[in-house]
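These are the structures in question, set out in turn.
Both complexes shown next keep subunit A, but they swap its partner, so subunit B is in the first and subunit C is in the second.
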Partner chain A sequence: MASSTTGRRAPARLPARRRPRPSAVARSAATPYLFILPAFLVYGAFALYPLGRAAQFSLFEWKGFGSSTFVGLRNYLDLAGDADFRAAIANALILIVFYAVIPLVVGLVLAAVLRRGQVRGMGFFRTVVFLPQVIALVVVAVAWRQIYSPNGLLNEALRAVGLDVLTRGWLGDPGTALAAVGFIGTWVEMGLVMLLLLSGMSRIPAEQFEAARLDGANAVQEFFAITLPAVRGEITVALVLTIIAALKTFDLVYMTTSGGPGNSTTVPSFEAYFRAFELREVGSASAVAIVLTLLIFVINVGVSRIGEREA
Partner chain B sequence: MRVSRVETTMNYVILGGFALFALIPVLTILLTSVSAPLGEPDGFYLSNYVEAWTVGGFGRSLGNSVVVAAIVVSLATVLAILAGYAFGTMRFRGSTALFYLFLLGLMIPAEATIIPLFFDLRSLGLTDTYLAIALPQVAQSIAFGTFWLRAQFRSMPTSLIEAAALDGAGPMQALVRILVPASRPAIVTMLVLVFMWTWNEFLIALIMAPGGKLRTAPLGLANFQGQYTSETALLAAGAVIVALPTVILFLVLQRHFIRGMLEGAAK
Partner chain C sequence: MRRRNFLGSTAALGGLGLLTACAPGSDGGDGGSEAPAPAADEVDTDIAALGDITLTVWDQEVRGAQNDAIEALIGSFQEKYPNVTIDRNSQSFDDLQQQTGLALSGNDVPDVLQVNNARGDMGTFVADGLLTDLTGYAEAYGWADRFTPSVLGKMSYSSDGVTFGEGSLYGLAQTGEVCGIYYSQKKLDALGLAAPTTWDEVFSLVEAAAAADEQPIMLGNLDQWPALHVFGPLQANFVPAETIVTLGMGNAGADWTTDDNLAALSQLAEWGASGALGDSPNGLAYDDAWPLFTEGTGVLLIGGSWLGPDMEAVMGEDLRFMAPPAGADGKVATTGGTGIPFSVPSAAANPAAAAAFIDFITSDEAMAMIAENGGMPVNRTAELAPDSGVNKDIYEAFDAVSTEGTLLPYLDYATPSFADTAGATLQEVIGGQAEPAAAAEALQEDYGAFTEGS
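Up next is the complex of A and B:
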């Protein structure tokens, strides 16, 4: 086999004037591109290209069939004065409170308490609190519709404790519908956020807490001085994930309220869908989708930046 | 660290309360699914599942979901392994910029791509096909998979690939014979997450299959809800049927789910 060994060594003795090979096994400079190409073709054709088309569509007025008219930025300008669109943006911001802020605050406190104790059954606990993440949102919506219905669990519970005055059809009441939808989001995201924070806190060395305790720090001081700074990274990740989930809300709204009563629970995704397929305003729908995309980018980058700077 | 008994008790109260909060909707729907259908006396009705299955046409919609999931999972996995391999183990011009382009896919909301895609595919006569439902999801999963597997392949010692080179392996052989077998856990994690996302996907399936014949399981349930709003027991049984495949998979492979969701997010 000696001859083949020298044969294999031969390329290594080539003069080093050429660019280094992409890797030990990839000899040609084209190899990495060939490996990426199939993925890129599908990704380009079914994600990047349509995104460009959405930007293009947003500059036209089009009913989804027949001819279209170029209107420049008018679809965007119209959105600024559109009551339904403004309601959708305002509602999305309120949903962020339910999807992201509440799970984060509650999750931080509970995870900080749990971190200190050696408790049994953590495996079971992790399974149970993660469950909402794996159930299809359509199914989640069916479950919560039953809980919120006039004779559902929530109203029964209120009657049982004598709070009959509070009972109502939670999803049909304009005053409570958005909060009712938002709380479903809280239920979905809570476990994920909590497990993220717990895994971050479990990496803090115990000596840090013991040292703080020797210095006379109480539980609250300990939380702000040690725990909170140590999980900045996890907080950032949790916020990015849950804020995006809030902004992308569609299934829950479609299945529980269809944006109503009135426009009290409409959200950008639902507006985009509704405009494209019910109102037949494809240009306006595309403008909504582009605004939503930009919103997600800006918030994502913003939260990550803040997280990095403070870490 | 010593922990007082009060504190331990409090921990259990928190854990218990939290678990209950997560379980109540699940238990509600399970109990409703075996409760009396409209007009029947109280009792335990396992027959609701049979009824829901037939009336809701779940045989067909679950079948559609299986086909779509099979296409998305297999295609996305193969393509993401190839791309992740290049990004994770090779040096080449433009790799960072290209990688960021793939990362972008993690942020693009489906509604921004699926509306123009629908109209473009419709003019080609391609809506209401499995591929129209599957390919946009393949694209989304490629973005995640490339990112996830790049990290996995990067974490492997370069000596593995150098050893493969000494054995005369080409880039494809090194990937298939050495890197893929050594990355099985990460690949399985990607498989289960992509399966779950695809199974649960709603918006893409809703828009791409307006004809109704290719309704996937979540759409079957939405349609069922539209037609039988007051049949809460049957609706609940249908909901359990739709949720069951991902829940079972989760219970069996939960390490992969939790690891994937927590680490995938953190990377």
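Up next is the complex of A and C:
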């Protein structure tokens, strides 16, 4: 009896002796959350808390110092009727073409070409193409401001080939200023997009291309049938990153045009800065920032959904 | 279930935290009543007795001549009071201006801070009680003997910040500024013309220069504000000085849409359209434009006196400066006034030493030191004028305008948003995107909304 009892107990007890029972903390359902706590604290302190405060500020009329007045949603209602703000949003959407769409299209073609050719010194060229990403945007902006200036490199080049009619102060002409700023974005983002796509393409097994070629596919068919579907994930990532960059552009505009000429290159980030620090309308500035955050969020959720659904 | 509870309670806690967090700025006090305003007999002027202190000074005197002058003054102040160490933080005007609001609302404020005279800056801070009323110090140190009332007026507000131009003193400037016309003597000689004595001569000079394939006026207006320094003097040719002062100080009673203002805007538009300001003034940066002028592009450059020393370093005796010809009143009137005033924040740790420093850098000896270093002192200007060079022209012009004519306020003093409104509008006038009438409407809308609201 006794032996059978101990015999039955033994398997339960032995492992218990070798491995101490997990503590009450470890068994608790809250344990996983303890693991994310350190990361969450940092994230909360530096991302969520400021975001929450910005949302709160946006409900007040406040100069950035002194007392404030609660105005509810009036800052948002004012934005709806604010021509400057609407122009800023429209400009940001146009910048998406320059920051995301053009780099993606050109990057796809370039990456596909690069993948096919076995270029010597590939690493060097990759570095060169990626270089704009490494340079501080302020430096990029100062350099391009020189290029675009009335006596800058671009106009000198146009004059050298006899296209004097095209010369202008690129940043000072309302017809070209936004495109000029946008093109700087294209130049900056191109390298990033191309590198992402190249790394995606390098994972495609060579056999697939071989099989396609045996079936008589030409380079264009190969591209659409194999390369493009294979890098869909990279395309999504590239689009998300570059669209965020386009919508939150600040430094390029601040350093090149200050939103001018007139208001033709103003963007939401610049509006937020301008309202907070020049007009001292912190509530309105926060409202702009919150709307911008939502816009970025919605567009990128859309992009990710489309990217994942078809993959 | 448990997980949902955890998430739910986290969200609830977060939401509660947000709701109960104090309203923005509610701990910052509520208005002008708190601003210190020591009377003259309460003021402490014995700085040597204060013990070892560090005086924090934030300034924007970064351009060559300005920087040399302030460095020299700081050196001799420390020699005079070995117990005071000055911790200087200098940055560009734009950078300093953006930080001023944040800096003043914090607890760790500088002792001396340069605050722009404009309503959007000094006026707002005065209204919120963030600056020390210096009237008592002015009396103790006798500042009224040094400065003319009109200069002191440009740094005075009523204590509620509503009236600009009178009331209490909230800052003191050490330099003067005047916008005028720079010209290259060689280019005028080549055109066979003398320096213009009337605005009509300026206009015909512009035409003559264009006919000779020279760019008549150099302007870099990518930054939006430089055109204000061209339009200010030009406006005085069409509009009575008194009206411009009312418009520029944001006091009620004037109108941007009058015929004379329209004529001034039309003249600017004509210069823009005819290429008198260059092919693309809106595409050229201010700090790229004046070096181009020194290298020989442009016959005239209409701008501030602060450019003189740096341009002279390249152009030498070829560079000349003149106050604009007499304006609509038959008297000379042009944009100008004081440099950026030095103020003492309400929360400054060492207000007595701060006031002594401001007294020191605006003393008669300091004026001489500023002149020696190539800046333009706000007082004693005529007697300190050098014997030759562009600064002789500049000093004489400033003296003539401040004693015989009118120093017009910078137009962006008018309302908190006027720098942007006027900057963008003048850009569009020059670029031809806005008709003068529409531009006048835009300017009036800003000015009108502010003056009716106050």
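Keep this in mind: the second predicted complex is superposed on the first by the 268 of 311 C-alpha atoms of A that agree within 3 Å, B and C clash if a C-alpha of one lies under 4 Å from a C-alpha of the other, contacts with A are read in each partner's own complex, and residues count from 1 in each chain.
Note that a contact is a pair of C-beta atoms (placed from the backbone, for glycine too) under 8 Å apart; a residue touches a chain by one contact, two chains touch by 3 or more.
The model shown is predicted, which means the values in this text are computed figures rather than measured ones.
Judged by the touch definition given at the top, the superposed model places A:Phe57 against both subunit B and subunit C.
With both structures placed on the common chain, the touch criterion links A:Val237 to subunit B but leaves subunit C unconnected.
Of the two partner chains placed around the shared chain by superposition, subunit B and subunit C are both touched by A:Val282.
Contacts of A:Ser23 after superposition on the shared chain: subunit B is touched, whereas subunit C is not. In the superposed model, A:Trp144 makes contact with subunit B only, not with subunit C. Residue by residue along subunit A, subunit B and subunit C are tallied for touches, and B comes out ahead. Within the superposed three-chain model, A:Leu48 lies in touch with subunit B and with subunit C [touch as defined at top]. Within the superposed three-chain model, A:Gln221 lies out of touch with both subunit B and subunit C [touch as defined at top]. Look at A:Ser202: by the touch rule set out above, it reaches neither subunit B nor subunit C. Once the two complexes are laid over each other on the shared chain, residue contacts for A:Ser258 go to subunit C alone; subunit B is not touched.
On subunit A, the patch touched by subunit B and the patch touched by subunit C overlap at residues 29, 33, 48, 53, 56-57, 64, 146, 149, 277, 282. Within the complex, the subunit A residues that touch subunit C are 29-30, 33, 48, 52-53, 55-57, 60, 62-68, 70, 145-146, 148-151, 167-174, 256-263, 274, 277-280, 282. By the touch criterion stated above, subunit B contacts subunit A in their complex at residues 1, 3, 7-8, 10-12, 14-15, 18-19, 21-26, 28-29, 32, 75, 78-80, 82-83, 85-87, 89-92, 95, 98, 101-102, 104-105, 107-120, 135-136, 138-140, 142-143, 146, 158, 161-162, 164-166, 168-171, 173-174, 196, 199-200, 202-203, 206-207, 217-219, 221-222, 225, 232, 235-236, 238-240, 242-243, 246-247, 249-251, 254, 257-258, 261-262, 265-266.
Interface residues of subunit C, counted against subunit A in their complex, comprise 2-3, 6, 14, 17-18, 21, 23-26, 28-31, 98, 101-102, 104-105, 120, 124, 128-130, 221-224, 278-285, 288, 292, 416-417, 419-420, 423-425, 427-428, 431, 433-434. If you check the complex, the residues on subunit A that touch subunit B are 4, 8, 20, 22-26, 29, 31-33, 35-36, 38-40, 42-43, 45-48, 50-51, 53-54, 56-57, 64, 110, 113-114, 116-119, 121, 124-140, 142-144, 146-147, 149, 153, 187, 190-192, 194-196, 199, 206, 209-210, 233-234, 237-238, 240-241, 244, 247-248, 250-251, 254-255, 268-269, 272-273, 276-277, 282, 285-286, 289-290, 292-293, 296-297, 300.
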